[in-house]
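Once you've had a glance at the structure underneath, I'll fire off some questions.
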Amino acid sequence: MNRLKEKILQSIGKKRWAIAEGYIPPDSTGEGPEFVSHETACILNAGGSDARISIMVFFKDREPAGPYRIAVPAQRTLHLRFNDLTDPEPIPLGTDYASVIESDVPVVVQHTRLDSRQAELGLLSTIAYGSDQ
Amino acid sequence: MNRLKEKILQSIGKKRWAIAEGYIPPDSTGEGPEFVSHETACILNAGGSDARISIMVFFKDREPAGPYRIAVPAQRTLHLRFNDLTDPEPIPLGTDYASVIESDVPVVVQHTRLDSRQAELGLLSTIAYGSDQ
Amino acid sequence: MNRLKEKILQSIGKKRWAIAEGYIPPDSTGEGPEFVSHETACILNAGGSDARISIMVFFKDREPAGPYRIAVPAQRTLHLRFNDLTDPEPIPLGTDYASVIESDVPVVVQHTRLDSRQAELGLLSTIAYGSDQ
Amino acid sequence: MNRLKEKILQSIGKKRWAIAEGYIPPDSTGEGPEFVSHETACILNAGGSDARISIMVFFKDREPAGPYRIAVPAQRTLHLRFNDLTDPEPIPLGTDYASVIESDVPVVVQHTRLDSRQAELGLLSTIAYGSDQ
């Protein structure tokens, strides 16, 4: 039992991830922060060491922004809203972007958008692209 | 013909999976259990041996919950609603989480959410992250 | 130029795929077949040889159905609606299922659902799980 | 710090990608180009060399179209709408298709559709299928 629990709490994932899609809808409808249109990188750090993570954001016609630095403690998950990034600069709304996420320990990354520009929300999600290099 | 059928019923998949996104919408609209907002781990056990599965659930700011223990018989699929997990504890609604799914035989895991907080449902789905370790 | 075109038309993909999620919504709204609630296995055969494909469908509490046999010609795509399968038996509506797709040449499989039970459609899609064995 | 930034700006991805699903909804509702129903191949070129990309489009019952030739500069992303392709020929609306995307340097490809045929939009997205051959 303890051995099983230990095994499940082993780290899982990769150290480099890419999300080629990115777009924060500029408008929202609905009440409260959970209905604000947003883009999320859901990061799972199932292992026993804290993860130090750097994110670079790429655009169509300007230099990349970043690195944005975040931490995900051991055995925790962080659902990071790109809307909340401010240092070194906020992500512009209504603009195509993409991101590369680099961690010093293995993590798993999933990409989700909630679009509430119209009265009824739209949702999308996909596993990100994980790389061994 | 029989040889083909046997081959198709061979096991497929991996023994460890992670779903970095998790959020059970706290509200629902619509009639009947199929329109209750829910999150599902769809698990396929295509092989000839029953699968014993343990799930750990990770949060932003507390210790992981679990293991939750479930079984998927040989050559069966289980679309497990996280809403239905109660032992050792229910998954809180409206809370970010993530999960690691461990099986003793190869399975395939896909993650789906139906969000019926508003009158018209939102849907998302993605293959989970499968690992050989 | 010709060499590039030849390379692009090389086969791509794997010979075994699994889709762990499956559910054909039993109701629909909207006009015409494109708004009928449906589940699709989008199959791409980019190579130079026709693909002979067999599909097994798995359920929660009964024996698997199939094999369903279909063909995808060389350099063609088939967006197969599970709703349209009839031989050896139709897929029941409103029922959880999963599928394993076996091809004699490499193909790529993507899973999509259009849910029109309510007035505004819901959409989900994911790459299926591809296997080398 | 500089070393970290350099590492993040290394290329990531694969040189061949396939998207088995493709369908440009023939109708739209809503105001402005961002609400026109569309299908997008989001391409991230995180590396230091420009990417020369060729796309072949496959159909159910006719010869493939293409190659369509596009470029994605170093350290840039392009969210390519299939609706915008015109040379050698436009992609027909309301028609099932699939695509193979070939790059001379590693890139990451994600597939997204916005369907605004009805008043409330539908969204889907998935990582494409990446191949080493």
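Each chain carries a letter (A, B, C and D) given by its place in the written order, and its residues are counted from 1.
The definition used in the following text is that a residue touches a chain if its C-beta (ideal position, glycine included) is under 8 Å from a C-beta of that chain, and two chains touch if they have at least 3 such contacts.
Nothing here was measured: the structure is a model prediction, and the numbers come from that model.
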Farthest chain relative to subunit B (centres taken as mean CA coordinates): D
Proportion of interface numbers common to subunit C and subunit D (over half same, under half different): different
Separation of mean Cα positions, subunit D and subunit B [Å, integer]: 29
Approximate Å spacing (C-alpha centroids) for the pair subunit A, subunit B: 21
Two or more partner chains touched - positions in subunit A: 119-120, 122-127
Subunit C to subunit D touching residues, read off their complex: 4-5, 7-10, 12-13, 30, 34, 40, 42-44, 46, 75-79, 107-110, 112, 114, 119-127, 130
Residue ranges of subunit C touching subunit B (in the complex, touch as defined): 16, 18-23, 54, 56, 58-61, 63-64, 66-67, 94, 96-98, 100, 102, 111, 113, 115, 117-120, 122-129, 131, 133
